Every structure is written in structure tokens, then in C-alpha cells.
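In the two assemblies presented below, chain A is common to both, partnered first by chain B and then by chain C.
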Partner chain A sequence: MTSRPQLIFLLAVFAVLAVVPFLGARYPVELATQVMIFSLFALSLNVLAGQTGNLSFGHAAFLSIGGYACAYFLTRLGWPLAVSMAGAVIMSAAAALIIGALCVRLNAIYFSMLTLAFSMLVWAVATKWRSITGGDDGFVGVDVPIYLTNPYSFFWFTLAVCALSVVALWILSASAMGHALVAIRENPTRASFLGMNVKRMRLAAFVIAGAFAGLAGCLLAMYVRGMYPQTAFWTQSGQVIIMVLLGGIHSFIGPIIGAAVLYLLEVITEQYTEYWSFVMGLILLAIVMAFPEGLVGIFSKLRAPRRS
Partner chain B sequence: MAILEIVNLTKNFGAFVAVRGVTLQIEEFATHAIIGPNGAGKTTLFNLISGLASPTTGEVWYRQQRLARLQPHEIVRAGMARSFQRVNVFSRRTAFENVQVALIASAGINYNFLRNAGSLFREEALELLRLVRCEDEALRRASELAYGKQKQLELAVALAAKPKLLLLDEPTAGMSIAETKSTIGLIKDVVADRGLTLLFTEHDMNVVFEIASAISVLHHGEIIASGAPEDVRKNDDVRRVYLGQD
Partner chain C sequence: MRAVGIARVCAAIAGAISLAAPARAEDTIKIGVILPISGGAAYVGQGIGDGVRLAVDQINAVGGIKGRKLEILLRDEMLRPDASVAAAKELITKDGVKFIIGPATSATSLAVSELAKTEHIVNISPSAKTEAITGSKLHEYIFQLAPTTDVDGVRSVGVLNKIGAKSVCFTGFDYAYTQDWFKAIKANMGAIQNAGEFLVPLNTTDYSTVIGQLIASSCDTVVGTMYGGGFIAFVKQAAPFGLFKTKKLLWGANTGDYAVAKALGPDFPEGVWAAASDIWYYEGSDAHAKYQAALAQLQGRKETDMWPITGYNAVNFLAAAIEKAGSDDPKAVRDALEGLTIDSPLGPLTVDAKTHRANSPEFYGQVNSVAGSPVKRMSPYELVK
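And now, the complex of A and B:
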């Protein structure tokens, strides 16, 4: 999953991001903040989908649990930022532990369907549990700490959180566990005959993915200053899958590229037409039909045309 | 002393009985061959012992430990590893990565998310590849290797689990004569060097009689003869149903 060219790419991305606030316009800063949040969300899914080979159709559940929890802790309980975020990440991880324990018993499409079912439950709870989530109207108004209310400072905060997350996930991806997860993806039966508890490893990946999705949710809730049930809806889970596939499911940086490209395309397309779904459909079609390894796959083919 | 005890083991697939009331003891440090015609139930028996399939009835004991209902990884951790008749490795990974990840699992560090895997067990992995004569192919994808080499890699992956009891399901199937010869030599050496108990199936009778210290003959899922190679060779039933003589 990891490689030297990808590391160089990541360093370049962070270098470019560090320049964005100095362009003198506010819009690119806000756009970059949004892209970073969704990149982190996509990156978290890829621990499970790309590295371990379990395609969750309900990953938005953990984005929204993290978001609602962070919003609640900051606003209703008045907890400090660090405590609220840590609490929200723990909530997401705990939810992932419970949901994951049931899902990892199943394989392939049954796993995906069960994750979808649980995310719909989370969505239903979000729409109905008015006292906590605000119900259909959403959680409106999040008390963001005063030092993060400025879009520039929030940009830097998001950049720092995402950079730390990327480092952590990179270390995981390149670690003994990361390699073991890839082995499970490639051949779970053989992996179990090496002495690996495949279900428990899958669960570990599920929890890690859920925790980082929850972290992305914290950033999202603070950026939007609110949290809404649509974030838990299955279309959000579908979008992040498309991001991961578009970028390239078998590479570390794929989800980052996919999230950035899809998000920016959406923003641009919506300025000209209301048929974003149509464009997204075409993109998905192109990936599935022609570029199964996503944009990263196209680049590595161009770099080394004779290797497959 | 028996390292493995199989007691009245039966496996039904619907109405079909693939393994029927097999009772068998494998002595520690034995090289025990299970032979029998195609479809006799050899692979099914291995699957039952190694936890890939669960028996309809009967029990398997490894040392003093009852294996029934244990998961494959628990059985591997107890000290038993296996290879597969049809190559079953990580085909999109390199030969080196195949052995390396097996060593990671065997060392029990497969939950370690901090330790960089790149250089882990480098020497040990290359050593194993050298042992099975795949060192030149270390950096090639498993799927790109010739079939015989893939079988040898399969063996290296099984050995990386550091078993006490090794189950090899037709370790030389599909190999050239030269490869078969060298593989047998290497299996013999490894079993002796590491003090392993070997349970294996094999169609090639030359291989069987060259390395087996005991032989059991499976026919239609039943053991029809079991004992020292000379005795089994002389057994009339065996000659009739299997060796096709007389």
C-alpha cells in the first residue's frame, strides 16, 4: 500500500496546502478545508476497504457519530476541544467495535449489506432522537472554540489534524499489522493457516477505520457548525466509496486524490449544471469499466507502461 | 507416543460419506503417508484435522488437546501447519512477501501497528526461500512463478509457521521429476533437522516409499491398511484396490 513515490506525493500535497492561506482569498481556504475533511474520511474507509478488503457500505455512520458526539460535547456539555474530540473519537470507535463485531462474521456482499443496515439504523436514530441530535432539523449551532472561529485558523487546525492522521495511518499501513491485513485481503483462508485470527484482525481494522471516520466527523461538525442526518444517510457512504475507488483502492494516497477530485468536480459541476448525479454516474462507470485501480492506477501505468 | 490421535472421524457431504470412521494414530517424529486413489478422501481428512472443515462425528486430539471446533488459527498456534494440494498462497504478493508475512504471523506480531514491516525477518525469509530453492524468485509475484516453484513456495509458507506437526497435501503434485526429487530431499532434511512430525499425502509411490516411516491406505473414505511400509506393500487388499496389481 505504501511506497516512496507516494511519500513524496504526500509531502508535496502538504507543501501546496501550506501555501493556500497565503493566496489572499478566503474561498480556496474553505474549499481546501472541506477537501481535507473528506480526504481523511476516505482515508479511514480505505483501512477497511482497501487494506483489509472489506467494503463497508455504511461508513458514514461513524462520520456522523463522531460529528454528533463532538457537537454535543462542545455545545451541550461545554467540554474543552481536546476532550470533546477525544470523546467523540472514542464513541465512534466503540460504535465500530459493537457494529463491527457483528459485521465481520460475514463475508463479501453480506458484510457490505450488514454495514449498510447498521448505518441506516444510525441514520434513523439521528432523525428521531431529538433531544440529542436535533432530529430532522439537525444539530444547529456548534460552539466552536473562539480561536477556531476564523476560517484561516480552522484551516490550520484541520491541516494539523489531517497531517497527524496521515502519519498515523501511514505507519499503520507500512507496519507488520498493515502487511497482515493485506494478506487477509488477498487470501483470508491462507492467512488463518498462518495463525492469524482473521475475524479479530478485521474487527481491529473496522475499529481503526471507525475511529478516524469519527475524527473526520468532528472536523465536519465544527466546520459546518452543525450536524445533520443526511451525513449518516447511505448516499454519504456511497460517495466515500466512489472517492476511494476513483483515487485507487490499492494505494495509500488513492483515497486522498479521489476525495479531492470528486469533491472539486462536484463544486465545479454544480456551477454549470444541476446534473451532478449524472456526472458522478459517468465517473463511476469509467472507473468500473476501464480503471479498476483508479487514478493512481493510471499514473503508475504511465510511469511503467510494461508492468501491470 | 502419538502426537495426533484421530478417533472415529466421519465427514458427510449430504448423503455422500467422504471420510468414514477413520481411527488413526500418528507417532511423534513419524513421517506418515496417507495414500489412496483419487477421491479417496485424503484432502477431506486433512481439512478435518486442520480445522478447515468440521467433522460430522468423531474427534481429533493433538497431544492432549482436543481440536474439534477449534479455528484454523488456533490449531496453527498449537503447533500444526499445513500446505495445500492446489497452490494456496498470496498470489499477488512476491515470494518474499509471502514468507515474510507468514513469519510475522508466526511471531505473533500481526497486531503490531507501529513496527515497520519492510525489513522484518528479511534474513529468515530469504533463508526459507533458499531452502525451497526459490531465492532467485524472491522478488517475483507468486502468480508469475512456474507451478513447481509455487508448490515449493507453498512449502516455505507452511514451514514459516514453525510447526511441530506438518501436514503436506501432495507436496510434489505438478512438479517436474527433477523438482520432485529435490523437494523430497529437502522435506526429508527439514523434517530431520527440525524434529518434525510429518503427515503427508502423495500419489507418487516412489516418493512415498522413499520417505514414509508409516503408511495408511484410504479407500472410499475408510482406512483399509495401516502400518510399516513393507507390511502395507505386502497387504493383499492394498495391492488389489490401490496398487492395481494381482
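And now, the complex of A and C:
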């Protein structure tokens, strides 16, 4: 999952991001902020999908739980930012622990379908629990600390949170636990014979993925100044799967590239045509048919002949 | 070689950012328009968009506003609040938009309104009805043209009294519009009895249970809110049980629109009381006839939709406010909009200075077959203000 070229790529990406606020225009700052949030969301899914081999169709549930929790803590309870963010992450992790405990008992498509079912349950709760979530209208008007109301400040804050998250996920991926998760992905039976508690490891991956998705949700709620039931809808889970597949499911940087490319494509395409969904369909088709290893896979293939 | 690869990736990222860099400024007044132009509600967005285009074309045809033409920058709200906010941010920060019309639905409208508040951008909501937009979430830069659900509630009670309803049961999709509208009706229905509420999950396709409950209920009138494909499915499933022969029906969710009548064709139950923002066959004023003629030309058919008038009025309010303010400064335009009256196709329309609401009039009527009309339509009908 991790490699030296990928580390160099990550450093280069953060170097580019650090230059964005100095380009003299606000729009790239806004765009980069959005890309970073969705990259973190995609990275969190990859702990499950890429590293552990469990494709969740309901990952947006944790984005949503983190977002709503953050919005509620900041706005209704008036908690400080750090406490609210920590609370949102804990809420997402707790939800992931409960949902994951049931889901990790199943494999393959059954796992995926159960995650989808729980995700729609979260969506239904978000839609119905009007006193907490605002129902269909959503949780509108999140109180963001005054020092983060400036888009440039929020950009730096998001960059810092995402950088720390990337470092944490990188360490996890390169650790013994990360290698154990890959072993479970490749051959759960053999991993089990080697003494690994496969279900417990998969549950740990599920909780970690949920916690980071919740962190991304918290950033999203503060960025959009609201949280809405659509964030928990299955289409949001579908979109993040496409991001991961587009970038490359078996690499660390794949989800970051996938999220950035898909989001930028969506934003740019949408300025010229209303048929963005058509473009998305074509992208998905191209990935499945021609590039199963995503954009990172293309780079790898281009590099391979030169080596030989 | 590795360094070259990294340089290429960095170049690609920089290229992507530069693609999204600010466009060349032109001497036009840019209006950001955020509407659902894909997915299930696309016909709503296309309708409102037609109204926006018609108004902009008419204003530009006479030289624009103080010599400056209006320019539409249309974006898809995708029925997603986060996508709507992203589109609005793009319009504001990349294109320098100072005025936004839309989005169309309540949740997306609330999300963009919140952004308008922090960015100090004038936001006109043409069609969203949730009371929260200019109620609990009212701020200086948001203006709501559609009648809110509490106003709809009062108007609907007027219709219920007119048709002699003694006992009402409620049905519809279980979501915010339904809950808010029903709450407003119940608060105003006085002596009319509430015989119960039978809601179904949003986008349900099997209505057999609720149809049985409605038939078994003691109510003489059913008030409902299923819309789009849901309303069509409900009608087709309820007709064999004789629901429409035993109960009177008052339906919300713009059921009096041409699109609904066309979709259901002869299956549209006779005698349903419905509402619509506009009807092509209204003959109450020359201004409406003139507007309809222009719209029919734009849409390529005589039977136009109800949605365009909302976008049409939004542009005309904005243009009148810019004209009155003498500049396109959002603060000045905001001040000009407060208390402003325009001559809409359905008569004078005023934005209340305090509430920022226009509470546009709507047509209420009974849908029936009319000789010479290719689809069923409201007859009789009245314009309720």
C-alpha cells in the first residue's frame, strides 16, 4: 500500500497545496479545501476497501454522523472547536463500532449490502429526527469559530487536519497492523491460521475508517455551514467508491488522486454541460473495463516497461 | 525519471487549478442561477430556467439595465445542499457573481441562503416554500417569492371551506413540506374535523395500505401531498377502489401543473382540487397573455408549465432592484428589494420589507375535462392572493 514514490508524491501534493493561497485568487482556495475534505473521506474508505478488502456501500453514514455531531456540538451545545471535533470523531467511531460489529461477520457482497442497509438507516434517522438534525431541511447554520470564518484560515486549518490524518493513516498502513490487514485482504483463511483474529482486525479497520470519515464530515459541516440528509444517502457512498476506484484501490495515494480528479472533473464539467452524470458513467465504465487498478495503475504500467 | 514523473503530476494539478481560475471579467451583470437540471426534478429546474431566460432576453432586448446586459450563469443543484453550496461558491469566487437565483428546493435553498448571508450576496429563492428560509433563518440578503407553507395552509383552508369539507384526513410523503403544510392547515381549519394522518415514506410505490386506511376513514375530504411519479402511482392504485368517487380531494405539491396533467392524461381523476403557480389558460390580464405568448414561443407549445413564472418574477425583481439602486452593489440592491413592487404577469407583486416574502399568488381549482383541451385542467379556478 505504501512506497517511497508515493511518499514523494504526497510531499509534492502538500507542497503544491501550500502554494495555492498565494495564487492571488480565492476560487482555487475554495476548490482545494473541498478536494482535501473529499480526499480525506476517500482515504478513510480505503482503509476498509483497499487495505482490508471489504467494500462498504454505506461509508457515507459515518461522514454524515461526524457532520451532524460536529454541527450539533458546535452550534447547539456551544462546545469549543477541539472538543466538538473530538466528540464528532468519537461519535462516528462509536457508530462504526456498533455497525461494524454486525457487518464484519459477513463477507463480500453480504458485507457490502449490510453496510448499505445501515447507511440507509442512518439516512432515515437524519431525515426523521427533526429536533436534532433538522429533518429534510437539514441542520442549517453551523457556528464556526470566528477565526475560521475566513476562507484562507479555513483552508490552512483543513490542510493541517488532512496532513495529520494522512500521516496517521500512512503510519497505520505501513505498520504491522497495516500489513496484517493486507494479509487478511489477500487470504483471510491463511491469516486466521497464522493466529490473526480476522473479525477483530476487520472491526478495528471498520472503526478507524468510520472515525476518519467522521472527521471529514466534521470539516464538511463547517465548510458548508450545515449538514444534510443527502450526505448519508447511498449515492454519496457510491461516489466515494468511484473516487477510490478511479485513483486506485490498492495504493495509498489512489483515493487522494481519485477524489481530486473526480471532484475537479465534476466541477469543471458542470460549468459546461448539465450531463455530468453521463460523464461520471463513462468514467466508471472506463475504470471497470480498461483500468481496474485506477489512475495509479496506469502510472505503474507506464513505469514498468522503462524498468525492463 | 522519478523527478520528471513528479513534475508531471504537479503540472497536472496546477493545470487543473488553472482551468478553474477566474474568467475574464466582462461588462455584464452576472446572475448565478442554481437549479435542478438533472435527475428527477429536472423538469422543475428547466421550467424555472425557461422563465429566467425569458426575462433576461426581454430585458437585454431593450438594452439591459443602464446599458449593461444581464448574463445567466446556470449551475446544477443536483438536489444536494453541499453541491449547491459548492456551485454557489464557484459562482461567487470565480465568476464574481453578486446575485443568485435559486436553488429550487427547500434544503438546497436553505444551504445557499446561509452562504449568501456570510458572503453578502443577494439571494432570491423563486420556488422553495419552507417557512424557515425567511422565518427562523431570515437574514438581510435572502428574499423568498413563493408562498410559504403557512400561507399555503391558510389558502388551503379557504378551499376546504369552499368545497364544504366537514372532516379531513391527511396523506402524503412523510417529509418537511408535508409536515409543515399539514401543520398550517390544522392550525387554521377551525370547525373542520381532523380525521387522522396517514403518511407514507418518501417515494413509496405501494399505496395499498394507505388507500385502504383512507377509504375506511370517516373523512369526507382527503388532503394529500404525493408528487411526481408518486402521485401518478397513487392515482392509478386508488382509482379501482373508488377513492375519488367517495371522497373529495385537495392535493398540494403543484398538482395543477401541466406536467402532471400531461403525465396522467385521461387517468387524472376528475374533480380533484389542486394548485399551481401559473396556468396557461388564465385570461385575467393582458400582461399574462403577453407573457404566455412569449413563453409559448420559448417552450414551443401553447400548454406551458407553471414553473417559469417563478424564475421570470425573480429576474424582474432583481432587475427592478438594480435599476432602483442605481448600481449592482449587493447591499444597495438588497435595500432596494425591501418593499419593492413589480408588475408581474399575475398583477402587482411586492416583497415585504420586514419579512422579505412576496407570497406570490397561486391558482386553486378543480381539475376536470374541458372541451377543446388536450389535457385535463383546472375548471373552475381562481387566483388566490
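Convention: the second predicted complex is superposed on the first by the 305 of 308 C-alpha atoms of A that agree within 3 Å, B and C clash if a C-alpha of one lies under 4 Å from a C-alpha of the other, contacts with A are read in each partner's own complex, and residues count from 1 in each chain.
The rule we apply is simple: a contact is a pair of C-beta atoms (placed from the backbone, for glycine too) under 8 Å apart; a residue touches a chain by one contact, two chains touch by 3 or more.
As the structure is a prediction and not an experimental result, all values here were calculated from the model.
Engineer: Classify the contacts of A:Met289 with the two partner chains as first (chain B alone), second (chain C alone), both, or neither.
Structural biologist: neither
Engineer: Between chain C and chain B, which one touches more residues of chain A when both complexes sit on the common chain A?
Structural biologist: C
Engineer: Quick one: classify A:Ala204 as touching chain B (first), chain C (second), both or neither.
Structural biologist: So A:Ala204 only meets chain B here.
Engineer: Name the contact category of A:Asn187: first (chain B only), second (chain C only), both, or neither.
Structural biologist: Only chain B is touched by A:Asn187; chain C is not.
Engineer: For A:Met196, using the defined touch cut-off, is the partner it touches chain B, chain C, both, or neither? Pick first, second, both or neither.
Structural biologist: Only chain B; A:Met196 stays clear of chain C.
Engineer: Regarding the shared-chain residue A:Ile171, is it in contact with chain B (first), chain C (second), both, or neither?
Structural biologist: So A:Ile171 only meets chain B here.
Engineer: Using the superposition on chain A described above, determine whether A:His179 touches chain B (first), chain C (second), both, or neither.
Structural biologist: In the superposition, A:His179 touches chain B alone.
Engineer: Considering only the defined contacts, which chain C positions touch chain A in the complex?
Structural biologist: 1-2, 5-6, 9-10, 13-14, 16-17, 19-22, 37-39, 75-76, 78-82, 85-87, 89-90, 93-94, 106-107, 110-111, 113-115, 118, 130, 132, 137, 174-177, 179, 202
Engineer: Give the list of chain B residues in touch with chain A in this complex.
Structural biologist: That would be residues 50, 52, 71-73, 76-77, 81-82, 84, 88-93, 97, 100-102, 104-106, 108-118, 120, 157, 160-161 of chain B.
Engineer: Would you mind writing out the residues of chain A in touch with chain C in their complex?
Structural biologist: 5, 8-9, 12-13, 15-16, 20, 23, 25-32, 34, 127-128, 130, 135-138, 140-141, 149, 151, 220, 224-226, 228-231, 260, 264, 267-268, 270-271, 274-277, 299, 303, 306
Engineer: Where on chain A does chain B make contact in their complex?
Structural biologist: Contacts found on chain A: 171-172, 174-180, 182-183, 186-187, 189-198, 201, 204.
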